Structure formats: C-alpha cells, structure tokens
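First the structure, then my questions, so here it is.
Lettered A, B, C and D in written order, each chain numbered from 1.
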Amino acid sequence: MDDRTPGPAGEQVGKGRVEALSDGVFAIVVTLLVLEIKVPHVQAHDSIASLGHALLALAPKFVSWVISFVTVCVIWLNHHRLFTLIGRLDNGLFWRNANLLLWTSFIPFPTALMGDYPGNRLAVSFYGLVMCLMALGFVALRWHMHRHPDLIQQGVDRGAFRSGTRSSILLGPVAYASGAILAWLSTPAAFICFAAIAASFVRPREPGTRRAAGA
Amino acid sequence: MDDRTPGPAGEQVGKGRVEALSDGVFAIVVTLLVLEIKVPHVQAHDSIASLGHALLALAPKFVSWVISFVTVCVIWLNHHRLFTLIGRLDNGLFWRNANLLLWTSFIPFPTALMGDYPGNRLAVSFYGLVMCLMALGFVALRWHMHRHPDLIQQGVDRGAFRSGTRSSILLGPVAYASGAILAWLSTPAAFICFAAIAASFVRPREPGTRRAAGA
Amino acid sequence: MDDRTPGPAGEQVGKGRVEALSDGVFAIVVTLLVLEIKVPHVQAHDSIASLGHALLALAPKFVSWVISFVTVCVIWLNHHRLFTLIGRLDNGLFWRNANLLLWTSFIPFPTALMGDYPGNRLAVSFYGLVMCLMALGFVALRWHMHRHPDLIQQGVDRGAFRSGTRSSILLGPVAYASGAILAWLSTPAAFICFAAIAASFVRPREPGTRRAAGA
Amino acid sequence: MDDRTPGPAGEQVGKGRVEALSDGVFAIVVTLLVLEIKVPHVQAHDSIASLGHALLALAPKFVSWVISFVTVCVIWLNHHRLFTLIGRLDNGLFWRNANLLLWTSFIPFPTALMGDYPGNRLAVSFYGLVMCLMALGFVALRWHMHRHPDLIQQGVDRGAFRSGTRSSILLGPVAYASGAILAWLSTPAAFICFAAIAASFVRPREPGTRRAAGA
C-alpha cells in the first residue's frame, strides 16, 4: 500500500485534489444530514391530526438539521477562503485538513443526537463539543501555515493572516465551548447560541467596505 | 473558524467551486432518493405471490421516487442555465444558493413521506409546500441578480432576464402552491399535478425555434 | 424555477457538467451498494460460530453486491466511451441520459432484493428486468445520436457507430431479458448469467489488436 | 450497453475521469463511515447518566470509525501518489483500480462489524482480512504497471518504482494479515495493530530529507 516513489515533478500532495476531496466530503455531509430525519410511523394512515402531531414532534430534528446545514456551509466557505491563501500543501497540512474533515463528517451524529434528545443537557453539550473540535481543526490548519510561511501563497498580507489566525482562535472554538457550557444551564439557550454562531457568518459583507474598516 | 484575510486576488467566492458544491449536492440527492424505498419483509421467502403483493404495495413509493428524480434533474438543469448567466458570486448569492441547496437536500424526506402516506392530504400537501419553498429559492437567486446587475455575466440580454425572472415567479412557486392546495381536495390530482410540473420541463425544445417564439 | 433566458453563448446544456453529474451518480451508487448489507445481529456477542454462521448467511448479499459493483463499473466505462463520441448535448440527449441515471441509481434496490430473496424467482427476475431497462437507456442514447448526427463528435467513424448501436441493442437488453426469463427456470442460473454479462466486459482488450479484428 | 466504436482520439480510458471516479468513491466512503454509528435509544429522555452510559458503550464504534477514517485517507494519499506515476490507463489498469475501489467501498461493513463485536475474534480478524485484500489491490496495480512499463509516466525513476513495488508487497498486505492473525490471540492487540498501520503513514515527512535517506 506504500507509495514513496518520487513522481516526475517531485510533487507532495496536489492542492486541487485535496480541495476536490474536501468539497466532496462537505457536499455529502450537507446532503446526508436529512437522512437522520426518519419518516414518522402513524397507525391511522389517512389521519391528518396524527401525522400533523408526529411531524410537529420532529420540530427539534428540523431545527438541528437547519443549524448543522448552515454550519457546514460556513465550514465550506471558510475552507474555500483559507485554501485561496495556501500556495502548496505539505504532509502536515494534508493531515490537519483530514482532521477537519473527520470532525465535519462526524456532524450528522451529534445533529441527530441533539435532535432526538433536545432537552438532554449532555446531548446538546456534546454537539457544542464536536463543533469546538471542528473549529480547533481550522486553528490547527492556520497555526501550521503560520509556522511554515513557505506554504502560504505569495502576495498574501502576513499581518492580516496573523490577525485572522488570532480571531480564528477566539471566535470558533471559544464560541462553541461557551455553547457547550451554556447547555448545562439551559438547552434552549445553547440551541440559540449554536444558531447565532452560524448566523453570524451569513450576514452580507460588501466587497471592500467592511473589510477595509475591519481588517 | 473565521477567515477574513484577503486573498491575493481579493476574490469573494469562486463560482466554479460553488457550482461543484451544488452539483455534488444534486448528484447525491438524486441517488439517495432510492434509499427511502426499503426492501419489503416477506415471511414465505420463496413465495412469488407474497413478494409480488409486497412490491405492488410499494407502488406509491416508486411513483414519488420518479417524480422527485425528474424534479431534481429539472432543478439541476435550471441551476446550470442560471449559473451561465452569473458573472461573479457575492455573499448574498452564495447564501441564496445555499438556501436552494437546503430545500433540494430536504427532498428525500417529503418524497418518503408522500410515498408512505399517499392518501394522507397533509403528507401530499407537505410535498408541494417543500417544492414551493425550493422554487422560491430560484426566485430569490434571480431577484438578487436583478437588484445587483453587476453580478450578471456581460452580454446577457437584460430584457430576457427580466421576463425570465417574472415567469420564474409565476411558474415554479405558484404551480407547486396550487398542487399543495389541490392535495386537500384530491391526493391523486396533486400527484398528477407534481408529475405534470416536472414533465413540463422535459419536453424537447429545439435550439432557437421555440425560444425565438417564446421568450 | 424556470430559466429560459438565453446565455451569452446560447449554450444548451454543458457536456462537461452533465458528465460530472453522471460521474457523481455512478460514484455514489457504487459506494451505496454496500450499505444494503447490514451487520448481522447475534445474541452471543463473542461467539465465533454464531457470527460465522450469520456472515455465511449473508453470502447471497455479497454475491449480489459484487455483481452490481462490476455492472456499475461497466456502465461507467460504457458511458465514458459513449460521451467521447458526443460533440454537444441537446435537450433530448440530456433527458435520455437522465433516464439512464434513473435506472442506474435504482440498482441498490433490486440488488438488495435479490440478496435478501436469492431463491425467489420474482426477485431475481426483477433484477434482470431493471438491468434490461438500464441497458435500453444506452440504446435510447445511441438511437437519438443516430437520428441527430450533428450531435456526434467530428471525426467519429459513422459505420463503426452504426454497428456499435446495433450490437448495443443485441447485447445489453437481450442478455438481461434472457437472464430475467432464465430466473423462472433456475435462480442460480440467472445469477451466473448476470455475473457473466458483467464479466464479459472486464476481459482485457489490447489497444488496436482486437478492435481491428472485431469492429 | 456495449460501446466499442473508436473515439476520435482512439483514447482507451481517460485518466482524469478515473481519478475523479476514485476520488468520488473515497470521499463518499470516508463520509458514510459515520452513518454506521446509530444514535442510542434511551428510555429516560432527559437522563444524563443513561445517555452518558449509552454513549460510552459506543466507544468501540468510535475507535473503529477513527481507524477506518484515517485508513481511507491513507488510501486516498497512496492512490493520489500512484496516479502521478501513471502516464495512461489501459483496460487492465482500469479493472485493477475498480478492484481497489471495491474493497475500499466495502470498508463501512467490516468497520461496523468490528465496532459492534469488538471482542469477537472473527469480527476483528475479518476487518484485517478485508484491509489485506484492499492492500493487495495496490500491489496488483503496481504489478500491472511493472509488467507494462509503457503505462508509466515518462521521467519516473524505474529503480525507485521497483523498490516501491517491493515494499508495497511487504508493508500493506503482510501488516494487515499479521493483524488478522493477531486478532485470534488478542482483539485489543489487533485494534492497536490496525491503528498503528494507519498511523505509520501519518507521520510528517519533510520534502527531500527523509526521502533522500530512505528511497
């Protein structure tokens, strides 16, 4: 299974194919999420009231699904932006990216768990914990690039990259850890926290204006 | 998880990668649909009559599956055509596209629901409602392009785009809303309505002839 | 949902994106097939004999899976070869390709059915019927190209294409229909027939030699 | 279904499309793995202790999942590296690649089996056997290239390729066969063996340094 013969160009890992693998995983995860919502079983097949109640009982699953769907879109967007900064991939960057894909591909499980047990503090906290580990995956990618600047695309502003790395540490993992802790006080508050984290990435940003002011 | 460091080209969201993500979701949805049709359990393993009856009982699931399969192909086709009109993507277009993917990736659930409860008015109406929300996703994409004409590819006829936007409002959401209402009068009529909407997009159109007459 | 605004290049359906959609469906189908083989439930968790018997009882599912896996690879290969002959896609070719994808994406169902009921003539015959309809999908694609030669890539030998169309009618649908009929006489014979059809496409063909002799 | 009409370029099988099919299968397998971990059913919905115990009972499934996730990433990486050495694909290489994809797409089954029966020697040994067959798939690919050097990309060092083929025979299949045998002595030792094989491919390799010393 081992293949260490040097290729003609001595290339380590092709950035395009890693991007394609990651995009494939994101597209599959985002689409698989809905498979965890099972069609309810109702005895009276034609009863509108029975089926209506059964669908309403699925409400926490629908909410979990939408939060995770938006979150995976945010992951895709951040991954896409981060990869425009990468000039070439080494082994370390490949495996840090694989670590991010591991946690991202795991998302259907905590989503289904939180949807099945919306009032269970452990279930809701577990969701925050997995998302925190996923967000740490982004920090690990940026940290490796910070330590190996030769992997960064030429022409990228190093100061802006450093401040982006700092804010990536503060925002993602800290926000999700807070949600995971909040779940032990109030599960609805944690739901709102997870939704708010995802929503904070959706707001429109005009090209240039905010960026000039912010970064 | 945040990544706002400007890239070398200051690029917002790459159109090619958004197209690839969307294509991935469409391909997965269209293939997952069949997973909702479970192999029937029959006691007498070698009985042709028992298995035959069990397969016939799955008829509503097969019909739902074919309608949804064709509908997702139509979504793919319209998405493909709409994206040839897009010059570049901003944040608003990305998230309106994500909204379309959300409803498209949801399709396996209402398909399975309608297949399991073909005589339940709520189940059949729910299918029409989800498709209506999906069709509104296309309207939202076009509306954003209409308000931000700089996102439209150069050389696209603005008059034809406007009339296309108007017809996209009338055709998709109105047709599916009608089907959703029709389900409360007759569920078979709603099935026929959903099939007819999908089929209306399949008819052959010669390049040039009909278009010149129609648009 | 409608989008009939002519694009800048007046392009109907992009061949590259249809190829990507089809490849996506083939890759997903080939990978989903294994999901129909469920891990057996055994009371005595550490009993090697119990688990061994349970795994042996899955033998028909393993055989069905391998036959369908090879068949989907053959479909991919034939699709790939056929698309190298296509110069451009019109609406008719798009929907005939969608019809082929419909039957291909359906394959996990008859595969699981045949694996669950290997001795039931209806189940085994149903598998042959679905494969026959899939093979007719290839005939429909070729027939449309035959009637619209402007869709065929320039430089393709028309005589070879015509003889290929004739053999595609004889080989695929007729072979699978024979298997479907054979199932009513002997289910093991039908299994062998389906395996032989797939295997007949796997044999090595040297570039040039056999082709020169055969076509 | 047959298509033997020679294309305009007389091309056998396009390397790019085989790579895309393989990447699709790898991305789907790596993402499907988590679907085998089902959300546990707990009577007392809000009981943290009950859900906690149920999640801890899933520990062997989580461990199996991580081992298989890393293994599929290693398969992807080795496949990627091997394909940079391939100049063109013939029929034999296509089907040897399909054989590798067959075993790779099968991985979710032995992973779930080992996760459900972590103390059953047959289940753990079965995992090693499947991985051994997958690793033999790589040997078969290299062996075919060794026998048909015209398929190898120009500029590849033949001596290094030969030594890579020799080590691919020794490392992959022999290591997994050892793990499969070890399972009959101690299942935890086999788990550690499978994890160690995957981990041995993850270690960072600086471009140039180790390679110069090793190969």
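Just so we're on the same page, contacts are C-beta pairs under 8 Å (C-beta built on N, C-alpha and C of every residue); 3 or more make two chains touch, one makes a residue touch a chain.
Everything numeric here is computed off the predicted structure, so don't read it as measured data.
A.B. asks: Residue numbers at the subunit A-subunit D interface: does the shared fraction exceed half, giving same, or fall under half, giving different?
C.D. replies: Subunit A vs subunit D: different; shared/all numbers falls short of half.
A.B. asks: Quick one: report the Å distance separating subunit A from subunit B, using the average Cα coordinate of each chain.
C.D. replies: Result: the chain centres lie 25 Å from each other.
A.B. asks: Among all residues of subunit C, which ones touch two or more of the remaining chains?
C.D. replies: Within subunit C, the residues that touch at least two other chains are 20, 24, 28, 32, 35.
A.B. asks: Chain contact topology under the given definition, line, ring, star, complete or other?
C.D. replies: Basically the chains close up into a ring.
A.B. asks: Under the stated touch criterion, can you name all the chain pairs that qualify?
C.D. replies: Chain pairs that touch: A-B, A-D, B-C, C-D.
A.B. asks: Going by the contact rule set out above, which residues of subunit D touch subunit A in the complex?
C.D. replies: So the residues of subunit D touching subunit A come out as 19-20, 23-24, 26-28, 30-35, 37, 39, 42, 45-48, 51-52, 55, 66, 69-70, 73-78, 80-82, 84-85, 134-135, 138, 142, 153-157, 160-161, 163-164, 167-168, 171-173, 201-202, 204-205, 207, 211, 214-215.
A.B. asks: In the complex, go through subunit C and note every residue touching subunit B.
C.D. replies: On the subunit C side, the touching residues are 1-14, 17, 20-21, 24-25, 28-29, 32, 35-36, 90-92, 94-95, 98, 101-102, 105-106, 108-109, 112-113, 116-117, 119-123, 126.
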